[in-house]
Structure formats: structure tokens, C-alpha cells
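What follows is chain A paired twice: with chain B in the first complex and chain C in the second.
So, the complex of A and B:
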């Protein structure tokens, strides 16, 4: 904490020297090492907010995690829990995911893999046509050049050895042994519980109304009802609602909802071994089309059900049921796993991915309101990227150092020239 | 809609091979309970007995295999629409693990 002190640390020092009251309010605390640390409010108790809380608490910060609902009740509970390198081409998001994968495995060892239902199941991407297979092979070659483990599966017979119940009509695919799965709500819960053991506190059922600032710098957040939580920094981890929270904090960012449906079958046991999806999924994820797009994603859960996705459409926060989407997803799943014809659906759930126009999350300090750090907009990759996001947020709070292997500037909010909300 | 209130020789189904008579409009679950059959499924993990719990189609505890289709709720399946009821263990889907030639 000398010449290389961050602006935040400098501010802490100033506060300590000129405002003894600050100590009395508990805004400035001391870490185990005796360094001066501050108080951080994390807004949003989904998987990303939980990871931010975990890493900030372990870095010695006094963290207050707030959510208007319950932990993991938003988009965190509406996905499959995929930690995928397979759907990411060479670029910043792949770098972030590879860091996150390593951190998730560490978290699994620390918190207990069973507790998170952390499963190194691997991903199997299948082509449904020869043209699709050629495109998939080209994509995989680029990933291999970037260091991803991507193994060509040459024939239908080879596919069947990996997934015995796959259709005989698929020409081939690519196996990605590095893909993982967790149960997102369990993982968020475990991260919050672990952070609480490091002194973090939680406030659920409260909603942030706005920022409290002094001289342009954030000094806390005001809750609906008037209560003020003093803070040296606030993390916007509100996921799909991060755009609205950004507006309330005076730091708007372009995060929009992108709806997705998932079908849940009756329990049948572990008949699907990998996360299996069709090559069209990668194109759908990268698309900016607002209209309905579907690709086929199939995987088993620990509970014995099979989850079937994935649809993408931009329809605002319309949570209505769509029989058309359900029928398309079911037909797609039966095309690659014919046995699913004999399996009933139990239910359908849907949620809203936090979509950014350039498909990258927003992670980093907001230059317009010093003290605000964004950590949202992960679209469909939030579970996978949560660990690295929490890690980066803690490094921003500390004032560095940032990890060399991730080009963090790709994610900063400064990249949006002008945001009109 | 009215239902003919007749009692004919066809009014019944088999339950694990045993003949169960039922009344018109009765569900499979109601008919089984009337015959003092209270449990007809075992759970997937611990093999514990299950029968009617909510009785109104919500809890999925009373699952049976109906004419070969597993995981049907006995409390909402009408008895006069079925011929053969069998108890099920586990997911009721053990045969799915074997590849069906019809799928190729």
C-alpha cells in the first residue's frame, strides 16, 4: 500500500486521516494482516454476486450482500449450470472462462464437489449434417490452436461409444473433456455460506433505490424505505436487472433480457453422460437476432431428470408460456436422442439471460461514478464465468494485480460509448 | 356430460395380474384403495413404499405403470380407460437404457 496504492486505497487513507468518525461507523475495518480494508455492498445474490461476495470476503473486505429476493432466485435458478469452454471461440471470453474453470475446480475442492454437484462430465457437440460437421471442425481447430482440449469424433460409431443412445444418423462431432456442470443454486448457496464464515453479511428482501454520493464519489446505497448502507464500493451483480440497477446508481449499462426455455423430463436415470448439444448452438449464442432461435441441448441431472434446451428470443420480460418453443425443443431433442420419444415431460421453466449487445459481460469500475463496479451481463454463461468474475472484482477492489492471462479491458464498462436507457 | 351407469363384465382392470373391479368414473388410485391396496410404487433411491398422498394430481407420489407406460398418476387416470396396471420400482424406465432397434 505504498506508491502503487489504488485510488480506492488512497481514498481510504484520506478518510482515515480526516474523518475519524468513519472508524466509528465501521466503514473502515482491518483485515487479519492489519491492512485497512473497506466495506463493499454487493447487489444481487445470484451466482455472480455470490462469487463476488466470496472472493471479496476472502480478500479481507467487509461485504454486505443484498438482494430484493432470495439467493439464486433469478436467472441462476433458470439454467442448466453449464461451465463451457466448448461454445467459446478464441477471444477474451474464452480466456475468462479458462480462468473461471480453474477457479471452479478450486472452489469445488474447497467447498466439496458433491455439495455443488460439480461434475467433470465433458461436453459433446454433435453435427446433424455433413456441412454442419465441417463448420464444427473448423471452429474446433481454432479452439485447439488457443489451447482448448477438443477431440474430433469421426463417426457415428465413435459417437455411440461416448453416448450409447445417440441417433445413428449423426455424422460426427467434437468432444470437449474440459466442460463442467454445477447445480447453480447449490453453488450460490455454498459460496454465500462460505463468505459468511469470513464475515460477510446478507440482507435479503431489500431493494436498492439509488446511490448515495459525496463529491461525485459513492459513499453508500439507499434502500427502498430510506435506509442507507454506507459503502466504499458497490458491486452491481444484478444480472439481467443490472441495467436497471445501473440506472439507479447513475451508471447505466446496456443489459437486456433474452428469454430461454428449458424442458424437464420425468426421472429416467443417467442415460445421457455428457452435455450433448448441436453445432447450431454456438451460432445462436453469438447471434444478435431478436427473433426466436433454437438449438438442441440435452443433459442428465443428478436427480435423474433430463434437461432439454435451448431457446433464445428477445421479448422483454414476457414470462408467458410458448407451446411453439416447447414443441421445437422437444422435437430437436428426439432428433438426436430418439429414446426421448418414450419419455414424458414433467415441466417447463424459463428465465431471462442478461444480454449485452457485444455478448461480453460487463466487469470493472464505472468511470462515471467512482466506487461502482459492474459484474453483470454474462448472458447464458454466467454460471461458468461467475468464479472468474468474482475473482476479478476482488482484484479491482484491491487495486490489482489483475491476472495476466485475461484481457480485462475487453470487459470494462467504458467500452459502451454512450448508453441510452 | 353423463356417463352410462352400467356395471358390465368389462368394468375392471388387472393390477399385477389380479382382477380389480371398479365403479364408473372411478380413478385407478381410488379403485386400488377401495381394494385395500395402499402402496404400489417404491422410491428411486431408498426403495420406500408409496401410494396416494395428495390424491389430486399434484404430488406425483402415486405413480404406476399404465398399459406399459410408466410414471402415470394413479389418482388422475380413469380406471375405465385402462386394462393393465403394474407396480413400478425406481424410475420405471430401466428398459430405456437398452437401445431400441426401432430408433435406428
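So, the complex of A and C:
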């Protein structure tokens, strides 16, 4: 295949020509007749499950998407919808994100950018001190070496040319033109609708209780209430609840919740042009510290509101409100954008990011229960990584080929040695 | 690289005030609860956003700065003649049952004097958290004073912002939520023209500043509240061209026995009817205002009859020239604070969500009681009774949980009486909702381009598209269209979105089962989550952190 073919074209090629060949290595051994494509149950209609459904349906699988609630109502409705390369250092997650970024742009062209509120706004990372700026520059240099477009913004004046309402006290920053944004609920909605057109069906308001197996191989899932959905493969896209669903399927994986709050202001118009965040964020993403961490992330939305994030703390599923965290986020935002002082906070969203101990998502077939493919644990990047995840899952269903540019083995469930024995 | 500061180590600039009971809302329910608790010697904190006591029902003219002073001194609470433009005395005829208000206000004044009540007007509760004593005591943000939590029970922390943005925490062993309701205005073509208001808005103008909205006014919607607004306007010389009531008084017939058991309500209704007749205000049952016309402001309305199925007969409309319009489709309870605290809700008599309470006004969250409209819209008399009941329950909880003292026996008797009142008045409210439903065909007048959400400029076509795409609750309509995400947080459009979504849901159920019951009710349930009860400026929030710790801690 041509090196510069987009994954979308690759997918189409697979569909049109080499699909029958690839199939033999997939999770499904084809029936002798070879007519019927297998049936896949995707558990979880968040952004990740929606993307898995879309790619699997486009690969010709008969997909049933199930969710105990409504599409996009889980963690997907609690985040900001940033598709970031800027917060990722050189490594497998960056590779996955770069594939995902290209796929998202193609999905945007396919489904309509406006419909997803897909915006190539770019990210602007600012430092709040000289030491911070030095750290940021080093980090950016590493990313540049890995092929990320990272442009040094030298002075406060340059910063304000990019973002006129920024505080004049900031020493400098780095601009990442490749960062994108989507509206996650609309994106999930559009992916599900697109998959339906390709024959996928949906069952909302039903909860998966367990797997049905025969001879060690999965043959379907059992819903609460007893109904069984027959399936040749099942995709665990249950996000933060992926650990629990893994247990129910007999294939446990360590996915844990990490609480985060997001502040939403009254609509004030598109006053912030980029996604603007302070440099500490980069550090928090990779942190193992259980204590609360906040750094300031500020951006405008299509609706004119301003989103302010993002805190990270591991407090289990504590659903309570934390006025201190909210105050801290507000203070951080006001610090870099002084005009926000007089803007009203209207809503606070609280979500639980699904995270794994090594901060990488789990994507791939579970060796313990043939037929189970995991696609969860994306932590604070599930919106961004959803497209590539869906694409990889479709490739696992088909039995390959996997894209060369992504080290897929970094994401497979086998890596959790202690759980998977 | 760098360590981001941890919030848990930050001191927070909020002084913590421990009290026995916090009461949010100083209308009939809140006042009754406050007075009951203060009389028993409990430390009460009474909080209201407004500038004076009374809430919406006994809305007072904006208070002068020395209001609190004068209240404590038990003088006329508002500036005397010549100093302020409006004196409450001039507005007394607008109020019902003012003697009760005066008595309650006097009681609050006494309690203030005795230091039992901490009255916080112009104060917003922006969020609230239930906290364990254990957590409270080692929360670094708290004060050293262990407060009422010392007995090991949980407490409710109300995060408040007072006048001039002064922040604080009111830490209460019990909370009574008495936040009232606001009136429902459903969209129709022209409803966003200047001069079209809710009848609650008109009443508020009258009561707070003695201002009338126009010279020729049409009132429309449904429910008994149309009547006092009409008589109030007529008494000020406003020509009320008609009260266009969507339902007919005959809707009360099936509930005759309930009406007879509530003679006060009946007398009240008859008095309004008599006043309307005397002032020659036309009362038009089974009619509806379907359009407001005008350029820069409303100049006329179109009115038509409703058929038996509650559908407007749009082919025969009558035009009335007006310069103002009042619309009221009943009330929806204000649940913000209850939802923030995650009190369980249920569907109320008119299909909208209300807080679920037991026969003692207790919500699903221990320590949180709810009184008045948030438990189901039912008017001031019911609110008073529920407030008093909640007050007695709090007193019993905090002073005599086992119920053995002589006082508790006396209270016990009073409690039984109040509880009976609550039941009787509640059944009246149920009858009222049955007699004054929103007609099923209300949306027939709405056009594709009619604005549904003013804040976010979402039109009916967009909402209906979302509904067609499967959104069957206001919450989903909101996520897909942004309707209800603006400054008013859905206060205005949420009922309309919910009804539009429910209407579609009902249609689909009808297709499946032609005998399906009334509106697919669960669709009317509101937001299930609201972490911020009231808008608050980011500056005020930022100021909760001491200056130094709000600096990013980069250079460590």
C-alpha cells in the first residue's frame, strides 16, 4: 500500500479488495459458506464505542451497539473534546494520537465538520514563569524531534498577538497548530447515526451482565433480565466502567476512575481563539500522584461559553461537589485571562476519566476469553484517541493488517501480567 | 518537571458559621420554618437572594439600607413616606393574608433581636455539599471550631456569597430548602416581543415598585394565579382586555368534595371572580393567546378557542389591541439547590419534577428537609403549613430525638394539626393541577421559526429536529441543541423543551399502544445533576483562594 495513503483509504481498500483474505486471521473463523459477516456487540455508546461501531460497520460487520444509558451520556458528555498532540511526549500514545488526528479530520469531511463542531483551532501552551518556560521548551523540543509541529512563541507580545486577552505577565509559550477540538456528544451522535446507515443497530437502556461462552469461546452476551445477544465478538468500550465489564466478561483489566471538574461560563462569544493551557498540565497528565492536581485550561466553544479545566484527582467515584477545586480552577483561569473575573460560572461538570496504571488505553483482543476485544481506559484523551481506537478494533476484528505507524503492542491487555495470568 | 499545587493544602478564604438549621428561601415556607425553629431556641440562619423577607408571594419593595436595623427595632421596615417612592402600606391590597406575614415578620424581628436568627439577605447559595464530620474536622479549609459536627453526624455546608461578594460557609445540622417556584411561560409566535411578560413578572413589578406593564393588557395561560394578577391590574386602572384561560371552571366539578374541604380557597376564588365581574374584566374559558403581533413591542394579540381535545382552532382567531401581555401556564418548582444536594425527585401533579419528601418533609438526603413549592406547587397556604411542619421536625430532631419531654407532647399535638393541614391543602393542589392542565395542543400555535430558547437563540425547528432524532427529555434536547444552556439555565425554556420532547414520546407510545396514559411523564423530569446552584462570577470564586496560592506554583 502506498505510504501516503490515508488510513481511511487503507480502510476502503481493505473493504473492497483484500477483506476476504484478511478475514481468516480475524477473531472470527469464517463459516464454510463464508457469506455472512460476523456479528459484533459493542458495549458502551460513549465516543469510543461509537467510533468502534462506525469502523466495524464500515468494515461490513453486523454491529449491535448497547448501552445501559443514552449515547454519549457517560464520561463523553463530561469532557472538553480536545484532540491534543500537544500534551503528549514522544511515545506510543503520541503515535496513536497522530493516527487518530488524521482519522478525525477524515471523519469530519465525511460526516460534516459543523455537525461535529470540529475546529482546527490549535493549542497554545503558556508558561507562567521563566523556569516553567524553560521546562516547556525542552518538552517541545522532544516533540518536534518526533515530528510534532511545535512553534516557540518568544515574548508576551507575541502571545498577545495570538490571544489578545491573555495576561501581559506571561513570559512565553509554544503554539501547536495541530491541536483540534470536537463537541464530544455531537460527535458520538454523528458516528452512531453514520453506523446505523451502514446497518448497525442500537439497543439503549440495556445493561450487559455477562458473557455467554461455549467451549471457552464467546458466543454472546447476557443482558440484565436474561436476554442473550448472540455475538461472534464483543467489544468492551465501557470507558470508566470497562474494569467492571471486563470482570463480567471473565476478562478483568485494571481500569480506575480519576475525577475531574470542568467549569462552564455564561456565553460571552468567541473571545479565546485557541485552546490555551498552562505548562503544568503536561506534567499532570503523566503523573502518578493521587492528590488533586489542577492546571489551567481555557477555551471558547461554538456556543460562546468558555470551558475551564481541568482537575485530576483519584477519589474513587466520589460524586460530590468540591468548592475548593472549583475555586482553584477559577483562580487559575483568571490568572491567565483577567477578563474572566467578571464572567459568571453557570455549570460545573464532573466526570471520571478511565485510567490504567501505566496511563495507556487498553486496545486489543483478550487472550483469556477469545472473542473479547477491549477498547477502554483512555483517561483524559478518549475523545482524541477514539477514532484510532475504533480503527484498530476494526482491524483486530478483520485480523489485520495493523497500521505500521502505531506500536499496537503497547496497548494490548496482555501487558497487565498480574491480572491476565 | 514541575509540581502543580495541590488544592487540599490551600487555605480557603471562607469563614465557617456553624448553626443548627439553615433555611434557604424567606417566603411563606421559609419564614414559617424559621419562626418555628427560633421559637424553640435553635440557632437559625435564614438566607434569601432578595432584599427583604416575604419571597415572591409577599414580595416587598426594595429595602432601604437600614432595613435590618429597622426590623430589629420593630419599626416600619421600609423608609417612611417622602423618603422612598413606594410604601408597603400602599401595596397592602395586593397581598393576600398580610396579617400572617406581619406576624411572621415580627417573630423574625424578635429572634433577630435575641440573636437567634442570622438573617442573610441578598445572599446566594452557589453550591452545597453534605460532609461527614470526620472529613470536616480534617478539612484544611475549615476553621478550628468543630461546630455542630462534633457530635459525629454529618452536616450540610452551604457556600454562600453575600452582598459585595463576601463569601462564607454556613455549616448546618439541618437544612430546610424553601426556594419556591417560578412561573411557566410557553413559547408562541411573538412571545419574545418587548411587552410580553410572565404574569409572575407583572405581579412582581406591581408588588415591588407599583409599576404596571401597560394600559391595555391581555392575560393568558391557565390556573388560579391569573385572577389576582387581573384584579391587581384592574385596581390600578389598567384595562384588562381579557383573561384567556385554557381550561374551564367546570374542570373543578370532579373535585367538589376537595374544594368544600378547603373553604378558604373557595372564598378566595369567589372574591376574585366577583372583583373581575365588578370591574368588567372579560373571563374567557377554553381560549388561548396564540400570537403576539408588533414591531418594536407588542401591539396586538390573536386569541382563539380550544376544542375539547385542547387544540387551538387556529382558523378562527380574534385580534385584540394591547400594549402588554401576561402569560402564565402554572409554576415549576425551583429545584437547583435540592438537585445540587442530590435529593431524589419524583414527578409532581403537573408532570414536572419535584423533590420527593415523606410525611415529615424529609428528602432522601438525611438532614435535608424541603417545604413549599419544591415539593409540588400548591400555593402559599400549603407552603406555610409545610414550612411549619418542617420546623417542628427539625426541632424534634435536634432537641429531643426520643420525644419524651412535656414540650414534645405539646408539639406533638400541633404537629398532628399541621400535618392534617398539609394533607388537606395538598389534595386541593392536586385538584387544581387536574383542573388546569397545560392543554395537549398548546404547541400547535408554535411555528418552525418561533424562538424556544432566548438565551441561546434556538428555534422550534431545531428542537423538533432533535426530538425527531430521538431526544425524549429536556436534558437530551439541551445536549443536542444548546436550548437551556444559556444564562437563565433553562428556567424559561426547559418546560417547553420537556413538553415538546414528551409530546413526541407520547406520540410514539400512542402508535404502539393507542391507550397509553397521559404525557410520557418521565420525559418531564429535569436535570439530574447540577453542581452549581446559582451563577457566580469567576472573580468571586478566585477570591476564595488567598492571593499567593492562586499563583501557579511553577518554580519549585
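Definition applied: the second predicted complex is superposed on the first by the 383 of 421 C-alpha atoms of A that agree within 3 Å, B and C clash if a C-alpha of one lies under 4 Å from a C-alpha of the other, contacts with A are read in each partner's own complex, and residues count from 1 in each chain.
The rule we apply is simple: contacts are C-beta pairs under 8 Å (C-beta built on N, C-alpha and C of every residue); 3 or more make two chains touch, one makes a residue touch a chain.
Being a predicted model, the structure only gives us computed values, none of them experimental.
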Superpose on chain A as described above, then tell me if chain B and chain C fit or clash.
clash
Which partner does A:63 reach: the first (chain B), the second (chain C), both, or neither?
neither
Just to be sure I read the superposition right, which of the two partners does A:330 touch: chain B = first, chain C = second, or both, or neither?
second
Who does A:343 touch here: chain B (first), chain C (second), both, or neither?
both
If you tally the residues of chain A touched by each partner, is the higher count for chain B or for chain C?
C
Taking the superposition on A as described, I'd like to know which of chain B and chain C A:128 touches: first, second, both or neither.
second
Thinking of the overlay built on chain A, is A:206 touched by chain B (first), by chain C (second), by both, or by neither?
neither
Looking at A:168, would you say it contacts chain B, chain C, both, or neither? Reply first, second, both or neither.
first
Which superposed partner A:271 touches (first chain B, second chain C, both, neither)
first
After superposing on chain A, which stretch of chain C overlaps chain B: 308-316, 488-496, 524-532 or 542-550?
488-496
For chain A, give the residues common to its interface with chain B and its interface with chain C.
266-267, 341-344, 346
Going by the contact rule set out above, which residues of chain A touch chain C in the complex?
70, 72, 77, 127-132, 135, 139, 185-186, 189, 193, 261, 263, 265-267, 278-280, 282-284, 291-296, 303, 305, 308, 311, 319-328, 330-335, 340-350
Taking the touch rule as given, give the residues of chain B at its contact with chain A in the complex, in rising order.
44, 60, 71, 90-91, 93, 96-97, 99-100, 103-104
Chain A residues touching chain B - in the complex, by the definition given at the top:
164-165, 167-168, 266-269, 271, 304, 338-339, 341-344, 346
Chain C to chain A touching residues, read off their complex:
1-8, 10, 12, 127-130, 141, 159, 340, 342, 455-456, 469, 476, 479-480, 482, 485-487, 489, 529-532, 535-539, 541-542, 544-545, 550-552, 554-555
